[in-house]
Structure formats: C-alpha cells, structure tokens
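In the two complexes below, chain A is the common chain; its partner is chain B in one and chain C in the other.
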Partner chain A sequence: MTDQIIRRIWPIAPISLALALITLLMIVVGANPLTVYQALFDGSFGGREQSLSTLAFWVPLLLCSTGLLVTFTAGLWNIGVEGQMIAGSLGASAVALMVAKPNPSIPGWVILPLAIVVAMLSGALWAALAAILKTRGRIHEIFGGVALNNLAAIATIYLISGPWQPPEGGSLRGTVPFPTQALFPLMGTSRFSPLSLILALVALVLVALALRGTFWGLKLKAQGKNLRSAFLLGVPSEREAINAMMVCGALAGLAGAVRVLSWFDSLRQSISGGIGFLAILVVLLAGTRPLWTLLIGLFFSALLNGGTFVHSRVQLHSSLSGLIQGTLVLFVLLLGDYTRIFRRKKTVMEAISDHE
Partner chain B sequence: MNDAQIIKIMASIIAQSAPLMLAVTGETITERGGVINLSLDGTMLLSAMTGFVVALQSSLMLQGMGIEGNTLPVLFGFMAAALVGMFAALLVAWGSIKLRQDQVAIGFVLTLLLANMANFLGQNYTSIPGPSVKYMPIPLLKDLPIVGPIFFNHNLAIYLTLLVVGVVWWWTYKTQPGLQLRGVGDRPESAFARGIKVNRLRYIYTAIGGALVGIGGATYSLSIKIGWSDNHILGIGWIALAIVIFGGWHPIRGAFGAILYGATKALATELQKTFPEVPVVLFNSLQWFLMLGVLLLAGSKGLQQLVDVAPKPIQRSLARSLRVAAPQALGKVFTED
Partner chain C sequence: MFNKHKAVLLMLALTLMLLLSACQQAATATTEPVPTEDVVISIPTTPPVIEEPTEAPTEEPTAEPTVEPFIFGMVLVGPKNDHGWSQAHYEAGQYIEENIPGAKMIVFESLNSADKPEATLEGVVSDMVSQGATLIFTTSDEFEEDTTTVAANRPDIIFINASGDDTWDQRPNLAVKPPANLGNVMGRMEDMKAIAGCAAALTTETGSIGYLGPLINDETRRLTASAYLGARYCYDNYREETPGELKFEVSWIGFWFNIPGFTLDPTEVANQLFDGGTDVLISGIDTTEALDVAGQRAEKEEAVLAIPYDYEGACDKAPEVCLGVPFFNWGPSYLKIAQSIKDGTWEQSFEWLGPDWADMTNPDTSHVGWVNGPALTDDVKATLDTFISGLADGSINVWTGPINLQDGTEYIADGVEAPDPLIWYLPQLLEGMTGSSK
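Moving on, here comes the complex of A and B:
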C-alpha cells in the first residue's frame, strides 16, 4: 500500500532535482532565479496576448507529437521530423508566393486548403525519403533524418537568399509577407489561429483512435515490438515503415504550414524553431498516452514562449527554455521509475512468492 | 595551383580533421564495448565551450598570480572538457546498464540538453579572444620533403591526436585487454563466461571514449575554431557518429573518414573561390550529402563487389580491411545474473 503511494508521488523527486539544477545554472550565469521564473510565467500566461501566443506554439508541437506517436509505435526514431516540418513550410510558402501572390482573385477558402495539402505532401515526401534511405539504403532513420534536416534548412536559406528574395534584396531575414488570403484566419491581433488548433486536436484524436482500434494500428504495434516476428507473420514491414513515416511527415508538414501561415506571414530562417525536436521530447515523456501529450505539450509551449520573453526582459539567452525542457525530460527519463532505481537482487524466497 | 599550395591545403586538412578524428576514435571505443553514446553533438558543444571558458578563466587567474603563458590554462581547458565528455558518456551508460532505459533516448535528450546548456552557460563568453594551443613545428621532421609540412608543422594537439588514433588501434587489435573490449561488445555472454566483468568494462571504455569526445570538442575551441559562439560546432557530432559507422568501428578507418570530411570541407572552400556566383549555402550541403553517401556505401554491397573484382592475392586482406560489421551486441544491455 505505502509502496503504491510512494510509486505514485515519486516523479516529484526527479522534477524537483531538475528544477534545483536549473536554478543553480541560472545563478551560475549571474541571474536572479526568482526574476527569471516570474518572467517565464509572465511571458507564457501573464496576459491574453501571451496565452494566445503560447497556444500558437502549442499547435505545431501537437501536430508533430501526433505524427511521432505513429512512428514511435512502429519502432522508428523519426528525428527527421524537424526537416519534414521545414519541408512543409517550404511547400506552403511555394503556394503562397507562386499561386496566391500572382492571382489575388483566388479566394482564401481555395488557397489555404491548397497550401495545407501541398505542405502535407511535401512533409510526407521528405519523410518518405528518410524511409527509403532506411529500407533500401540501410541508413538508420536517425542519420538519414539528421542529414535531411540539415539539407532542408540549407534549402530554406537558399530560397530566402536566392529565388524568393524580397525585391529590396540583401536581407537574410525572410521572404516578402504573404497575401492575407493564404494565411490562417487569426484571432484578433494575435498569431494564434483557432482553426489550426482544431485541425491539430482532430489529428490527435484520429491518430490515437487509429492506433488503438484499427488493424493498421495493430500492425504498427507488432512491428514496433518485434520487427522480425511481425515480418514473419506477414506484416509487410518495409511498406508499413514507409507509411508510418509518411503519416508523420504529413502531420509535421501541416505543422510547418501553421508556422509560416499563422505564426509568421512569410518564410523565415530557422522556421521550425526546434519544435520538431521538442515534439520528440514530448513523446518520450508522454509515451502513447494522448492526454499527457496534450498537457506536456502545453507546458513545453509555455516554456518556449516564456523563454523568448525572458530573453527580452532579463537578457538571458533564449536557450533557457530548451535547457529547462531537456533537464526535466532527462531526469524524469532516468529517475522517473522508482522501482528501477531501488531494484535489488531478489532473494530466492521473494522470487518464489512473486511467482505465485 | 602549384605544389606548395596543394601541400598547404593538405596540411590544413590534417589539422581541420584532428578534432573530428578524436571524437570518432572516442565513440569507436565506446561502441566497440557495446554502448551507443548518441549525445555526441551536444557533448562536443558543451566540452568546446567548457574547454575554452576554463582555459580563459584560469589564464586570467594565473596572470593575477604572476604566472604568464598559456600552456597550463590550455591544459586545464582540455582536462575540463575531458571530464564533461566523460560525464555525459557515463550518464548514457549508467542510464542503460543500471536503470534499463533506452540508450538512444537518453543520448538524444542529452544531445539537445547539452547543446542548450552550452549556449546558456557560454552566453557571456561569445566572440572574445582567449588562449589557444601553441604552434609547435617539430624540428628536423618538419624539413622532410612533402611529409614534413603536411604532418609535422602543427601544434601539439594535432600530433597527439594522430598518436591517440595509433594507440587505440594497437590497444584494440594487438593487446589482451583490447581483445576483451571487442569480446564485451561482440559476445558479452562468452566474455562473461570467461570471467570478464562485462558491465564494469563497458563503464570504463564508455568513460574513456567520452573523454576523447570531450577533448575533441575542446580541440575545436582551443585550436581550430578558437573561442566560443552560439552553436559553435553544431552538427559535427552527428558527422562523427556517421563516420564511426563508415569506419566500420575501426580506429584507423575512422580517422580516414575524418580526413575525408576535412577534404570535403577544403574542397567546398576551393570550389567557392572558383565559382563565386554559386550561393555559399549550397556548398554547406556538401557535407550532408557526403554523410548520406558514405553511409550508403557502408550499407551497400558495393564494397563486396570491389573485393570481387580485385586481383586474387589481395582479395582476402582487402575483404578484411573493408569489412563493415557493427559490434554484435551494440546497444544491447547485458544482465550479469
């Protein structure tokens, strides 16, 4: 009984340890931790504007996490999610710049869905590349993903500084602003689009249901648990792996579209903002529990948003939010399971009574 | 381009690949023992930052005490960096061996975390000058034709790197403990049955490998790309991990992989000069295509075909030197009970 309770409240221990370490690091760089924590809160939920911008970070994070639920279930380490997101923003930007801009008469209800579809296709194709490199080229998806992430980032810089350069030229900041009909409908003056949140929630529910209750989900699970037996039992593992990657890529691509068509109104350098990588951390913590994906995702978005505010208020490096997120995840991953830390060799009698 | 220029470029390739060589050698040892330390990209950033900051601070402190010169501060910097690398690697090993968590997961979280930590802790030290490893040509040897200027006209860090690669090769393939190292990574059960403490050896070699990775990171900030800036050497750790695979978990081949990378970098710089109209960013993509290319080569049957067309007498030795085989128990936890 007490054992049960300890097990329940145990995760507080690694979280407190992580917070202690983070506080210490703040002191090391000469900041006042209280001021920083206050600024983090003010920047994330301190007002209507801040809360909406936290939600705006939440949407792409949710979309990427949802996609990663699929690949993690299939036993794939899709680190390429970051690049798939970038590919999605490139696709959406292409529609905005090459279709919407020269044809201002096309209405938004045509352009926006088109941009979304193209973004999802681009993300899926970028993911398929990593998947084929894995199945045909025998390159582990981690390495294929890393290379493709960097290539996607390089492609972005090339486009911004080359073909899609604004007419005044010179600046490496981004393309010209997209026409409004290509953008997501935004809430007030914020950069948050309720429509995009609805899309993300629908995607999460659909994926969670599909993984739980369909034959496809079962096949992915079998493959993730034991690739060889799944293959011997007739699950076409290559095709399933490619499919899983493409589903994730499509959702990451949608996240990329949300970034360019609502958070920004143009294609920028480092368009992903590390959200793809952050989604991997979310899923590592949440596992396949969708409710936790939502909550942890919201918390991490708040940190991400608060971090930029801390940067402007107390001039602390914006890597602070990444530092907090990473430390929390590391400590919970390592020390979160009470039984694994205090595992000792069982005596013979205990082993027998366990068996009964 | 004349001979002198070519020799100069080759010398700079050797120097530029040294830190990568150290990281590749370190990770090779770690993986030979059966542990995957995926955290290299973050570890190298943090150790580069730590190495530079410790060297800078200790040189200021020693100057305050009236001791001039950069030798000691640089040494302290390297020691601190080695500790950082060792600590990160041991975290991965401990998390997997003791706590039974996924090595890849811990390594990946560390990759992100340590990179952020480097940027965060190094924020007050960006773009400022500091101590660096002293240039130290080796007398007599440096006057040898061709070989001299390429290999013996550098600083101490570069010579020691080449030495480390050689020593690790000799240790792994020519000594009894090296045989144990390979045994622990290939067949932990058999090694255990022979009385080898598998997990203790894994901890030891993971720590040594991590220390080398850390020293590699500091070699960047103290000898090649001196100083610290945001995301100073981001991406290099992933290149190192890929080269370990391309090198077939063999220190010497790994070193060649590192040189290949250095050569690609140098080639990109030369091409940039020759074709100034091509956007600079496109040359940056070369290294990632190289990474995909070498991994494709390592995973394909191309190398086997190369052996088949080779003349009969050298086929066997060629096959042996080209064989790419991961340690069989790589990434697998071994329980000693």
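Moving on, here comes the complex of A and C:
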C-alpha cells in the first residue's frame, strides 16, 4: 500500500533532490535562495503577463509531451520530436507566407486551420521518415531522429537566409512578420492563445483515453513491452510503429505551428527552442503518465520563464534554469525508474502489474 | 533483451544530455574565455540602493536634493563580458549609472534564440517595466523589428534601438512610420574601419588582408567596404607596391557571434583565412576570435596580426598581435538620451555619431574611436597618423569615387563623395573584394 503511494509520487523525488542541490549551490555562490525563488515565482506566475507567458510556453511543450506518450508507450525513442516540431513550423510558415500573405482577403478562419493541418502533416511526414528509416533501413530511431533534427534546422536556416529572407536582407533572425489572419488569436498583448491550449488539452485527453481504453493502445503497449512477441502474436508492428511516430509527429507539428503562429509572429532560427528535448525529459520524469506529464510540463515552463526574470532582477546568470534542468536530467536518469531502483529482479507477473 | 534495453537507455542518456546541453553551450562558448565572475554577483546589496531615496522623507534637512530613482533596461544580444559589441553597450549603461544620480541599469544578456530559446524581447521588456524601467536600450540589429512591435504596445516607455534606421528621415521606406517612443543611435564607424584597413594594408607582408565578417546586411557590408577602402587607399598611396595588387578576402560566419550548429565556427574561419595566405585579419564580429586565433598562431612563430572590433579594451586578449581596435563608445549618446528623458525633453531622433577627431579616446566626447595596438610599429604608426589627420581635416575621404560595386557597376562616380544613404545602404561589396555580397 505505502509502496503504491511512494510509486505514485515518485516523480517528485528527482525534482526535490535537484532543487536541494541547486539551493546549496546558490548559497555557495553567495545568492539568497529565497530571493531567487521569489524572483522565479514572480517571473512565472507573479502577474497576468508572466502567467500568460508561462502558459504560452507550456502549450507546445504539452503537445510534444503528449505525442511522446504515444511513442514511448510503443517503445520508440522519438528523439526526432524536435525536428518534427521544426517541420511543423516550416509547414505553418509556408501557409502564412505563401498563401496568407499574397491573399489578404482570405479570412483567418480559413487560413489558420489550413496552417494547422499543413503543420501537422509536415510533422507527421517528418516522423514517418524516421519510422521508415527504422523499419526498412534498420537505422535506430535515435540516430535517424538526430539526423532529421539537424536537417530540419538546416532547412530553417536555408529558408530564412534564402527564399524567405526579408527584403532588407542580411540577418539570420527570421522572416518578416506574418499577416495577422494567419496567427492564433492572442490574449491581449501576450503571446498566449487560449485556442492553442484547448487544442493541446484535447490532444492529451484523447491520447490518454486511446492508450488506456482502445485496442490500438493495447497493441502499442504490447509492442512497447516486447516487440518480437507482439509481432508473433499478430500485432502488425511495422505499421503500428509508423502510426505511433506519425501521431507524435503530427502533435509536434502542431506545437511547431503554435511556436510560429503565437509565440513568435514569424519563422525564426532555432524555432523549436529545445522544447522537443525538454518534452522527452518531461515524459521520462512523468513515467508516461498523462497527469504528471501535464504538471511537470507546467513546472518546466514556469522554471524557464522565471529564469529570465531571475536574470534581469537578481542579476544571477539566467543559465540558472539550464542548471536546474541539467541537474534534473541527471537525477531523473539516476532515480527516475522507481521499480528499477527498489526491485532489481522482478517476475514477469510483477513486471506486468507494474504497468497496470 | 534486457541488456539491449539497457544499452539503448545508456545511449539515450548520453544523447539526451548532449542535446539538452547544446542550447546552453552556445552561451558557454561565447563566454568561454572569460572568468565566470558574473555568477557571484551578490544580490542583497542592490535593491536597497534604489529603494532608499524614495523612502527618505522629503523634508529631510540635508542640502542634497532627493535623488529620484531612474531605472533603465539594457538588452544585450551577447554576454556583457564579450570584449566586444555587447560589453561596449554594457559599459555605456554603467556610464549612465555613474553620471546620473539614482540611475540604475537592469541588464539582460545573451537574448538570442540559441542562447535563450525561452526568452523573447517582449517578455524581457515586460520584466524590466515591472521593475520600474522607463527607458530601454535594445542594442542589436537583431532586435530592430521586435523593438518596433513592442514599442507600439508600450507607448509610455521609450525604446532606443542601436544600429537601426527606423527613425531616419533618409530611410527608403518612409511610408512606414515608427512609433513615437522609438529612437535610434549608431556610431559612425566607417572612418574607424578605414583606419583599421589602413593599418592592415601598411603592415601586411603577403599583400593579403582577411576580414572575418558576421552576417551579411547593409551595416556589415558598409563596414567591410570601409575597411577595404581604407586599406586600398593606404596600400596604393603609402606603400612602394603596385597599386591594386592588394587582396582583400571576406568570409562571413552567419551571425554576430559563434552559435555552435548555426554559424560557421569563427575560429575555424579565421584559421582558414590565415591558411589561405592572409597575414592580417580584421574582425567584424562581436567577439574576439580573430585576435585569439592570431595570438595562438603567433605563439607558433607565425607572422600574423589581427584587428579586433567594437570594444576599446579588445586588444587585451592578445596584445602582442593586436594592431589596434576601432571601437564604439556608446556612453555619451546614451547618457544624453537618459538625461533628456529624465528632464522630460526627449524627442525622437536618429543619431549617427562620429568621433571627436581631436581626441578619439575621450570617453565623454568621442562616439567612436581607434586605439593603436602594441603590435603597431613606430614607422607604421607615423604613416597611420598622417592618414588619420587626413580623415580628420577632410582632405581624405575614402568614400570618394570612383567606387564600383562587386559586379562591376559604377556606384560612386569619379571625384564624387558618397552621400550618407549610399554608404548606409550599400547593396553589395565593392570591386576588388573577394567574398559573397548576399
């Protein structure tokens, strides 16, 4: 019983340990941890603008994490989520620049859904590439994903320094601002779009339900547990792997659209902002549990948003957030899997019940 | 099966850590050569300094007038200790703090999508405003567009964008009206770059000068071209060489400073230029790689020299190979702006400010300058001084025609002095320069 409880709240352990270590570090460098945490809070939830900014950063993170729930369940390490997000941004930007800009008469309720669909398709196709490399080319999805991430980043640089370069030229900063009808409707002067959050939450609920209560979810789980057995028992593993990757890619693509169509108003270099990698960390920490995914994602978004505030207010280096993040990665890898630490050996039945 | 799983996990762990740290590494890479002192800044002392005066009762019988706090923001594209562009701005902020009682700067370093993917100019500005800032300097071409957007949303805050042209009455797109609370400042660096080019041309043994460029835009084209024009003038007029034989090779890295994975590595590019026969390398980027590389190669007995950029103290990093540095001194112009805002007399303006020819290193009067480096020999120094005094009294203007663009078309006719807009908006590199124009 207590064992159950400990397992449920286990994701807190690495976070608390990391925070304890960071607090110690702050004291060592002569910073007052209370001031810093206060600034972190003020910068993330201290006011309307800060809260909205935290939410705006959270949405694409949530979308990517949701997608990763699918691939992790299927036993796939979709490192390529970052590239799939970039592919989505490129797709959305293409619609904004090549459809919306020359045709200002097309209303937003046509353009925005179109941009979203194209973004999701681009992300899904980019993911399918990694999946096919794996199933047909026997290239592990980690390596395929890393390569495709780089390709997507290079494509961004090419586009903003080439065909989509602003007329004044020169900079690698990004494209010209998109016309407003192509953007998500934003709250006030913030970069937060309630619509994008609704889409993300719907996606999370659907994925959670699908993984839990559908035959498809069961097939993915079986595949994730043991690919060969699942195959022998009749799961079309190649097809399901590609499907899982494409679902994740579509959600990551939507995240990319949110980045260009609400967080920014144009395509920028490093548009993904490392959110895909952060999402991997979130899902690992959450142990593929949807509710924890939601909460931990929000925590990270607050941490990163607060980090910039700490930098300008306390003049403490803003890599503090990066430091906390890095420490977390370390602790998650050390302590992340509760069962692995406390039960070195387990029976098949136990292993199955662990994942119920 | 289980072992394989473990191996994959291990691989993932390594990859993930590598990748996660990749974004942060950009920051580390640019700050690398500098001690990490900025982490140790003690916090508790700063806030009370500004709080005190406001809380002091007004009827206090001291003769000193009550000091009103004046808070301003300084947004930097790179680290504040980069020995280059960003440090020059940071120190201008300190100059305001020294000269206006009660002035306090809020700094935000390394605002660029590689170092701080989670930060936007909008977010940074809103943080600064919530801390009381009424004036915000956005000190990079990178922020030009975002500054305009943010300024339009916050009409009560004054924004100064360094290097931008939004408020210039000679800009091409006059139809686009800038927000009323936006101003621009830029240093007239062109003559200083010409001096740098001249110093390089007077020193080169191989007859080949390299230029380590950032990204390609109007600003970098005109500065690179200015260095070339200065070099050509001095090579043709002061040296016993065949005029026109000077080689001037430009390599661009793709951004203002090194961002691993996004730009070419400036260290590598600098090495390539030296390998290709260049013996004097002029830097156009925000950081000091050109000088660093020259210093390393000089240690291996190579006869190479370099000219850094942006920051008066840039030579410090490898003085023995430093011919000098053309630098910005943003202090006086920023102070004037801050003072006028404090007095309520600020008016929107575009400032393109030159040197104090009588004393180019005067911190209070000269907006740009050139300082000789330790590697400059006395002979060269004397010739360079002739060139500088020619620029000062107007007898030399390197932007005098005939000047042709790189594709051969005539840009400035024979004997004509180029007007400001033609210099500012130079569309290509010039004939005689090697390197891409776009």
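Following the convention adopted for this analysis, the second predicted complex is superposed on the first by the 290 of 356 C-alpha atoms of A that agree within 3 Å, B and C clash if a C-alpha of one lies under 4 Å from a C-alpha of the other, contacts with A are read in each partner's own complex, and residues count from 1 in each chain.
To be clear about the criterion, a contact is a pair of C-beta atoms (placed from the backbone, for glycine too) under 8 Å apart; a residue touches a chain by one contact, two chains touch by 3 or more.
Computed from a predicted structure; not experimentally measured.
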Which of chain B and chain C A:192 touches, first, second, both or neither: neither
Touched partner set for A:126, first chain B, second chain C, both or neither: neither
Superposed model, chain A: greater residue contact from chain B or chain C: C
Partner chain in contact with A:58 - chain B first, chain C second, else both or neither: neither
Touched partner set for A:137, first chain B, second chain C, both or neither: first
First, second, both or neither for A:312, with chain B first and chain C second: second
Which superposed partner A:281 touches (first chain B, second chain C, both, neither): both
First (chain B), second (chain C), both or neither touched by A:226: second
Which superposed partner A:178 touches (first chain B, second chain C, both, neither): neither
Touched partner set for A:79, first chain B, second chain C, both or neither: both
Contact residues of chain A, present in both the chain B and the chain C interface: 29-30, 77, 79, 142, 146, 150, 157, 161, 277, 280-281, 316-317, 319, 322, 326, 329-330, 333
Sites on chain A touched by chain C in the complex: 29-32, 35-36, 43, 46-47, 49-50, 53, 57, 77, 79, 82, 140, 142, 146, 150, 153, 157, 161, 168-173, 177, 189, 191, 226, 263-265, 268-275, 277-278, 280-281, 304-305, 307-309, 311-319, 321-322, 325-326, 329-330, 333
Residue ranges of chain C in contact with chain A within the complex: 1, 8, 11-13, 15-17, 19-24, 27, 38-44, 46, 73, 106-110, 113-114, 116-120, 122-124, 126-128, 130-131, 141-142, 145, 149, 153, 215-220, 254-255, 261-263, 438
Contacting residues of chain A [partner chain B, same complex]: 25, 28-30, 77, 79, 133, 137-139, 142-144, 146-147, 150-151, 154, 157-158, 161-162, 277, 280-281, 284, 316-317, 319-320, 322-323, 326-327, 329-330, 333-335, 337, 340-341, 345
Parts of chain B lying in touch with chain A, wherever the complex brings them together: 38, 91, 95, 99-101, 104-106, 108-110, 112-117, 119-121, 123-124, 235, 238, 241-242, 245, 279, 281-282, 284-285, 288-289, 291-292, 295-296, 299-300, 337
